[in-house]
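Next come the structures, one after another.
You will see chain A twice below: alongside chain B first, and alongside chain C after that.
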Partner chain A sequence: MRRILCIVVLVFAVLILVESKSTTGSRVLVLLDNEDDKKLYTRFFGSLEGRDYIVTYKTVTNLNPSIELFSYGERVFDHFINFAQKKDKTDSITPTSLINFVNDGGNILLAVSSEITENIRNFARELDIEFDERDTFVIDHFNYNVSDDGKHTLLVSSNFINNEAILSKEVVEGPPVLFRGIGHKVGSVPLLTKVLWANDTAYSYETKDDQVVDQEPLVIGNNIGLISTLQARNNARVTLVGSLEFFSDRFFDSSVQKLKSSESYPKSGNEAFANDLTKWTLQEKGVLRVTSRLHHKDDEYEQLDTYRIKDNFTYTIEISEYVNDHWQAFNGNDVQLELIMLDPYIRVNLTALPTNEHQEHHSRKYKAHVQLPDVYGVFTLKVNYKRPGYTYIVDTTTITIRHFRHNEYPRFISAAYPYYTGAASMGTGFLLFCFIWIFNKDAGKSTAEKKKIN
Partner chain B sequence: MVLGLDVQNQAALLKVVILGLISFVAIASRLFSIIRFESVIHEFDPWFNYRATRYLVSTSFYEFWNWFDERSWYPLGRVVGGTVFPGLMVTSATIYNILHALNFPVDIRNICVLLAPAFSAFTAISAYLLTAEIKDSSAGLLAAAFIGIAPGYISRSVAGSYDNEGIAIFLLMFTFYLWIKGLKEGSAFYGALTALFYFYMVAAWGGYVFIINLIPLHAFVLILMGRFSSRLYVAYSSFYVLGTLMSMQIPFVGFQPTRTSEHMAALGIFGILQIIAFVELVRSHLASKQFQILFKSFIVFSFFTMFFALVLLTLGGYIAPWTGRFYSLWDTGYAKKYIPIIASVSEHQPTAWPSFFFDLEMLIFLFPVGIYLCFRELRDEHVFVILYGITASYFAGVMVRLMLTLTPIVCVTAAVAVSHLLDLYLDINNLETERSVDKSESDNKGKHKKLKEGGSRSSLNQSKIFGIRSFDTRATVLIFFYFFLIIFVWHCTWVTSNAYSSPSIVLASSHPDGSQFIIDDFREAYYWLRKNTDYNSKVMSWWDYGYQIAGMADRTTLVDNNTWNNTHIATVGKAMASSEGVAYQIMRRHDVSYVLVIFGGLLGYSGDDINKFLWMIRIAEGVYPDEVKEGNFFTPRGEYRVDDEATPTMRNSIMYKMSYHNYNELFGGQGQDRVRGARLSSEKIKLSTLEEAYTTENWIVRIYKVKELDNLGRSLEQAAAFNSGKKRRRSKIKSTRNSKNG
Partner chain C sequence: MVEKSNLTEKFSSAIEKLWKSYQKDTAQNLKLIDAYLVFILFSGIFQFMYCVLVGTFPYNAFLAGFTSCVGSFVLAVNLRIQTNPENSNEFKGISPERAFADFVICNILLHFFVVNFIG
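This part shows the complex of A and B:
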């Protein structure tokens, strides 16, 4: 008995241990060109495994077992990290399978080099990201590292996105990162976010020895995206990194010194940057959720489906944020509530209430008091909170706003007093008349006689 | 002595038995639809009435009174309590409650299905009462028999046709009977009863306006004929005051009796009656010469005062001018020009001549005879019948559905005519005495006996045996007439069973071998919606199907047959008539998750959406003249086509795309549209914002699901192109460099 108990406890303990820090699952597929490549990125993979992910390594050259993102229609992995540059022989990583993976909620980190495959390029194109041609590099003759080999492709960049949801303060304020690889053009889809981009003096071109720049490059200056992300509408995250070396141990440990710059850092920012980037991509940060919502009349506490026009109304929503392995109160203060029937009738800021640390859910309450409009219909209460870096919150509740019931109108209104008086006097007069008519028989006879005479 | 009763009692017993049999026949002939199909609610409007009745039965009366229906007219909702004539629902709910109190657990559906046939029996009885007031009880029995089986009335009262008209015709007839009775007797009691049934009528059908205009018209004509009497004064005043007060209790009517032009005539006549009554009083106290002056000046003064008051109030906006529906009664082209939504309803079209014969058969020929006979006697009630006949026949000519109001009076007058004829020709006893009196009468009898009458005129004085009173002429006339009557019954039964008993939600056709073939696509589709979609999903369709979707599929609709908000309907019309991009925005904005279209091309069902499409376009153009243009749907030669020559606007409209999507594949090449007799273009129809969700067995109903926004932020067109295997083109600069490098 004791043994069984022990085993049960042990199993639970293992389960808890195995639980990774991501909010969407811990199964990671890493795709490499060949087994030896693993040694190039030991620090990076070490950090992943250190965060309790179950990492499966596969190589495009070794097809046994074959790579499948789906099995019987079910997603087999929660996250997909692609470091492979060669085309896999079974051709199972196609734009279609990647898009299906994203549509099913899987997160993708794609690192490419200048030897980008057509499949990856086509996939990126669906995200409205256009990679430059094969064999092109981002070149910058003013912002390269001192250790550059003369082609000026080893860029030093600190053009980070200043967004705490994606990159922590330490990274943004920390040393610049090294980057060598292909650039891309970021399209206008609002779901895209540039995380790292090139300096104004950069351009993207081929780097043959006697290269003449006689064509306009695909993209120049700070329009060159180096690392960009897309958060799909279902909150799945895709990160495209134009440099494979970016994640290598060599870059992690390299020192950084920009040409003609006195500033020098013993260690590049790549490791911290890569950590934050994977944390964000694998849904360890910047994840919001709505834990509860409640609406009721101001003076009641019951949630109703139907309210009356002009009711005073309270709406409360609780939002929590996933930070460092646990859910805590979200700190945003720009959450809005909309009351929509075809058009928004009311749009108000929700007031963030101070949190109570002993709360069970560790979430923050946002509250609004409104008077419902003087229009009846089916209204949608919508909290539409979409900020770069954070998962989207689109929380809708429908309520019905009805008209006054027949007995909810005021019974007596002052404007109608003349009519009340009229009705009352008419009634009294009629009763009086009836009374006289019935009981004053003599009068009746006399009129009858009069008639006869006439 | 039969059964130990004297002649009078025998006659009374016979009348009761005959009326009972007529009621039985009236009910029985309306059961064809149940026997042929099943006990279901028919058509469109009945589905709403049925749904409302179920709501009333499952909640309480006050809940129904305040019912705000959030599942129709999404997202506007509909205040049902204030926009409905509750009489029908309350009637069936009352029956339901009584039966359940007596421990008869009858399903509410069966009550609703059988309500109209039951009330047709009451209609027959009230037709008997009315005609008995006008002529005698034998004419009454004929009228009852006629109205019991006249197709013009059956068309709206077969089992399952659970509509307001089902009980309204009974109320119409009974109110008129009570009015005649009240007028005859000068009784405030009958006047009050008239008002009571008028109130019931107001609660049941918008056609109550007919009563509130016809009775004042009758009173007015009587005054003009110099027939003002205290009887008229008492009956009209008690009817008008009580009736108006009671009618204002119906929320849908509200203050209309004091504020709209349709009700002003009744008020005016009420005022005139008061003035005349006052004048009569003064006259009884004054010398005649003084009186004449006073009278004339008073009449002129009061007329002008009232007229100007009316004009001023109308201009000041206190009295609403005539409504559009009312104008369309005078100018049949009015609706088409200004209110396409009214004109788009088939039952609002002018009546075709053959349908008079189809609906009334020989009664339509006897109708003028009956009117003529009324002129012969011209008592107060005959004036009423004449006025009713004239007005109703005008309205029946203007709108198909008003054939319904004409039918009762045609039955009454025809019964008067037939009964008159039978009186003459069957009366064997007092041959001698009647001849001199009825000579002229018989001369002018039916038109179709002119020849015989011509002969009789000359010969009558010469011989007592020869002529129209002789046995052989009588026999000939009577045999012919019985033949006509039998043919009438035959015709009525045939029309009822063939034309008016189809539920229209189930279609029937026959196989080449003669066996019946049931087309049940509508219910198939609605049932699919009910079982396979989310309870809160919104279904967009043209308004014709709104009530059915709400009733059968139990899903929220955007527009329905209530048509209270023209803009909302026009928005749906615009979505149907626009290209995918525009339509998608409208659909997203209205939270539409499914779109339903009716397509008859495969089966040859002509009442489909492509045929109604022009009305959608017209209605949409009325509200969005810049975005929808009717002209763009016609070829340069002015034709409305769906084949190769269809205009680009037509082919891009989602209505066209949804109707013909994948249709070519069914034929393995070019599809053949059997309704419009057109071969479709062989081009494949691509839909990117909608995907086919369900198509019924015979393709009559097609349901499409509205896609969500693309997960990756692409346009749905791009996403669809990607899914069909097309890769995106590279940007231009790139490709030029590529070619040079390569």
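This part shows the complex of A and C:
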């Protein structure tokens, strides 16, 4: 018995030790064309393993054991990195299986070259991304590296997205990156974000023969996406990179100098860029979570289920961001609160409360004071925060707003005082009249008659 | 001009005569009722004017106040008709005491409703 306990504790200890830096799991499947390819990307895979991922390498040529993303309906891997260009003989990595993988919360990093397979092209189409034809390259006669082989396909690009959630400042301000591969057209789906794109002078075409361009290219100029990402509604992330060489040790170490440009860099920005990109894709950055939410009347501190119309109301939500292996205070200042009953009745900005610098904070408080609407019913307090690069926050709380109770109104309305007096005077007038009527001894006699009597 | 001043003179003298005969020939209890009616009339007019000026906001209060005036007026007029000796032929079965009792009961009923409705 004790021995079993010991084993259980040991297993847990090991599990805790190998906990990777991703917020969604540490099992990575890397798919390659053949074992030798691993040597081309040692730096990239080295950084991945250095971040405590359990990496499983598989090749499409070696069918045993077969590649399965799911086993008995359960996801076997948390992340999938595809570096394979050849057709998968088992056909287990189909567009459908990849979509199922994403729908189940798995993250995907797809690197393709000009030898893109139909399966991957179809999967990209599902995400509203259209890769150009097989064997085409992104060509730019003005922005290629000096080490180019004459076809002008070794592009130098610094068209990075300026989004700190995805690329850190050092990368955005750092040296440009090298890219050789296929371009794609990014659709209008709002979940898509272009991370790297080509220069204005680029076009996408075949490089065979003498490069006569006799047809309209699929995409031209800065519409050519080189690296694009999609964050699905369930926060699963997909990154499509049009260049496999982008991750190679050769590109990581290569120097960068544009033709006819005096600026030269001893080392390309590829390594730092690839690091940030994989960190983002594998949910190591740009991850937000709500740690608590609280609502109460302005002058009370108890959270109620039911409030009254026109109550003065305070709502507080705490949001933390996962940065570099730990949860810290989120720095956004555009979080909004909505009070919804079918339509939003109130939409206000939440004020970010400052954090104490001397104290370590794992989250930031956002606060709003509102006066509840003059409408009663069941309302939803919704914080709906969706920004490119960050995981989506949709946090809802339901409260009931009741009307005034009958004893919460003023008992007498000042505007009605004349009517009260009128009715009261009618009552007293009636009593007075009765009193005089009853005790009037001369009732029924006119003055003339009285005189006669007298 | 002469005719006109003549006319007004005639009119004012007629009014004067009416007033004098009213004072002389009308029974005292009927005069009491008349005074009561004038009081009710002014109270009602005042409430109506107030409602026109200020608005109908506590409409139930206005209705209650105004109805109490109208109701009291109608009941008082009924009492006057029934207790007037000149009408005794028409109300043979109804003595002035009986008419007064009716008046009191109806008034109590009226004010019961008014107080309930005024809010």
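Rule of thumb we're sticking to: the second predicted complex is superposed on the first by the 398 of 454 C-alpha atoms of A that agree within 3 Å, B and C clash if a C-alpha of one lies under 4 Å from a C-alpha of the other, contacts with A are read in each partner's own complex, and residues count from 1 in each chain.
In this section, a contact is a pair of C-beta atoms (placed from the backbone, for glycine too) under 8 Å apart; a residue touches a chain by one contact, two chains touch by 3 or more.
It should be emphasised that the depicted structure is a prediction, and the values quoted were computed from it without experimental measurement.
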item: First, second, both or neither for A:Arg125, with chain B first and chain C second; value: first
item: Partner chain in contact with A:Phe435 - chain B first, chain C second, else both or neither; value: neither
item: Which superposed partner A:Phe379 touches (first chain B, second chain C, both, neither); value: first
item: Which superposed partner A:Glu133 touches (first chain B, second chain C, both, neither); value: first
item: Touched partner set for A:Leu191, first chain B, second chain C, both or neither; value: first
item: First (chain B), second (chain C), both or neither touched by A:His406; value: first
item: Chain C versus chain B, contacts on chain A by residue; value: B
item: Partner chain(s) touched by A:Phe142 [first = chain B, second = chain C, both, neither]; value: neither
item: Partner chain in contact with A:Ala423 - chain B first, chain C second, else both or neither; value: second
item: Residue numbers on chain A that touch chain C, as the complex places them; value: 413, 415-416, 418-420, 422-423, 425-427, 429-430, 433-434, 436-437, 440, 442-448, 450
item: Chain B to chain A touching residues, read off their complex; value: 62, 65-66, 68, 70, 74-77, 79, 81-82, 251, 284, 536, 589-591, 708-714, 718, 722-723, 727-728, 730-731, 733-734, 736-738, 740
item: Interfacial residue positions of chain C with respect to chain A in the complex; value: 23-29, 32-33, 36, 39-40, 43-44, 46-47, 50, 54-55, 57-58, 61-62, 64-66, 68-69, 72, 76, 83, 85, 96, 100, 104, 107, 111, 114-115, 118-119
item: Residues of chain A that touch chain B when the two form their complex; value: 95-96, 99, 102-103, 122, 125-128, 130, 133, 185, 189-192, 215-216, 218, 230, 232-234, 236, 306, 341-342, 376-380, 398, 400, 402-403, 405-406, 454
